[in-house]
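The letters A, B and C name the chains in turn, as written, and every chain counts its residues from 1.
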Amino acid sequence: MQSLSSALLWFDYLGLAVFAATGALAAARSRHDVVTFVAFAILTGIGGGTLRDLLIGAPVFWVHSGHYLLVCVGVALAVWIVGERPWRSSALNWLDAVGLAAYAALGAAKGLSYDVTPPVAVTMGVLTATFGGILRDVLAGEPSVLLKREIYMTAALLSATLYVAGRSAGFDPAWCGAVAFLAGLALRGGAMLYGWRLPGFDSDR
Amino acid sequence: MQSLSSALLWFDYLGLAVFAATGALAAARSRHDVVTFVAFAILTGIGGGTLRDLLIGAPVFWVHSGHYLLVCVGVALAVWIVGERPWRSSALNWLDAVGLAAYAALGAAKGLSYDVTPPVAVTMGVLTATFGGILRDVLAGEPSVLLKREIYMTAALLSATLYVAGRSAGFDPAWCGAVAFLAGLALRGGAMLYGWRLPGFDSDR
Amino acid sequence: MQSLSSALLWFDYLGLAVFAATGALAAARSRHDVVTFVAFAILTGIGGGTLRDLLIGAPVFWVHSGHYLLVCVGVALAVWIVGERPWRSSALNWLDAVGLAAYAALGAAKGLSYDVTPPVAVTMGVLTATFGGILRDVLAGEPSVLLKREIYMTAALLSATLYVAGRSAGFDPAWCGAVAFLAGLALRGGAMLYGWRLPGFDSDR
């Protein structure tokens, strides 16, 4: 990832910590023990990036460094100690939106740094942002975003597309990352605040 | 895949388009938006081949070419526009059977081209043919073929076994592919028409 | 895996056979046909080690040898023929505990042999031991260990941690493996016999 702007790298830990927290909170809803908290934090935090790295043939990002796992363990312990009550507000949804937008831009950037085509880079952004949460929901027995009508994957698609389009047009990685992040966050935020959704399939047309 | 007969390569796009359509139709049943249509089309169309390539250590087939993704996007949009009514007949099941037989032969052929043993090549054929659909069903919250008593995986097993056996006996790839494809399609078709099934496990024996 | 003590290698086939049996028995509970028996035996037996190998960048262990698949097929056929009645006792749970402890030590050892850090090696041990069973349960539509409150993943964590700690302290691989295996088996066994469990998350603190 030498070609990846260091300005984007903090997106990595930001997305990681936020998704790890949502994983631990999924475990909290089922009154699990601390080992399961850690397991859910890890698989939610690293799931998307792991799939991305396997697909593009990169060394899996957390395997050759212990820090990613330790961040997930730390977040899981923090949720265990703090409890879920402080999180029950909409704060958690906003943190999840932050992680979604950050991971979408980061995933697209890492895809481009491995010389894939623009549509593949966009796909890498979307799955980096969404796969960890899908894994969390399937394993927790809850409906995943693939079963909900909210604007969620669409926000990741917007972030990843803007990043890839901006880079293809020759703009600076840091600027592309910032614009992509803010646009995805705004779309997801608007969907949460105002209930925006895309039209659903209507078989009676 | 230099050693893979070009006569087999069209199986790739055939299976892709057919499975992508079944993925989009799974999204249609839940009245999803167009982004989710595309997501289901992609993961159903490319899921099996992706797992195969990761397992045999090949570059993942769709990552270094944009065409596979674009086919899935096009199929998803077509299903979105056309609607599900024209598909409600048994046509969809037959298309799925075509994809199953095509992907089973193709997957086995790609396995052999990476010098795996015959049992492993057969396994690659079966999982190329079935994994995308299993992924679609698990993520859509529907029972997968692993929970049904139909002859489905068995048809993929027949196709893959015939292909590998024929190639081991020295026959031409194109002939092996044709025979394997037709045999798998016939078995799956017979199962659909006449309700064929293998005996189930009986604990009272 | 040159650096892996041959004394540990039999753990591989032990875990494989035991988990394959639990997979076939999951198929038996749903009265499936013999092809589905084999499919469940394979995915349960090889699932954990496959994920481990993909993550550490190792060639997937069963792809370049036919023996692993053949063991799973043989076990599935044996369960099919023998039936599930002889297994209904607690024998199955004990076999599963044996597989859990064996795979946890083996997975950690293989991780270390690929020069990952200690926390990553422990993670590899845990997922080698647990992922096949999670896959089996998700695909069979049953609650996985991630949804249960039993001590299960914790026993794998103990085995993997002891193995990695022992090796880091310079002890012989065979001794580390034996101690790790017995400790994990004892913890899981105690949990089965006496209902041990870790405290669950309590939101009312």
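As a convention for this text, contacts are C-beta pairs under 8 Å (C-beta built on N, C-alpha and C of every residue); 3 or more make two chains touch, one makes a residue touch a chain.
This is a predicted model, so every value here is computed, not measured.
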item: Overall pattern in which the protein chains touch one another (line/ring/star/complete/other); value: complete
item: Rotation, 0 to 180 degrees and nearest 5, that superposes chain B on copy chain C via CA atoms; value: 120
item: Where chain A and chain B are represented by their mean Cα positions, the distance between them in whole Å; value: 29
item: Residues within chain A bordering two or more other chains; value: 54, 138
item: Of chain B, residues touching chain C in the complex; value: 54-57, 116-120, 123, 126, 134, 138, 143-144, 146-147, 149, 153-154, 157, 197-203, 205
item: Contact footprint of chain B on chain C as seen in their complex; value: 27-28, 30-37, 39-40, 42, 50, 54, 59-60, 62-66, 69-70, 80, 83-85, 138-141
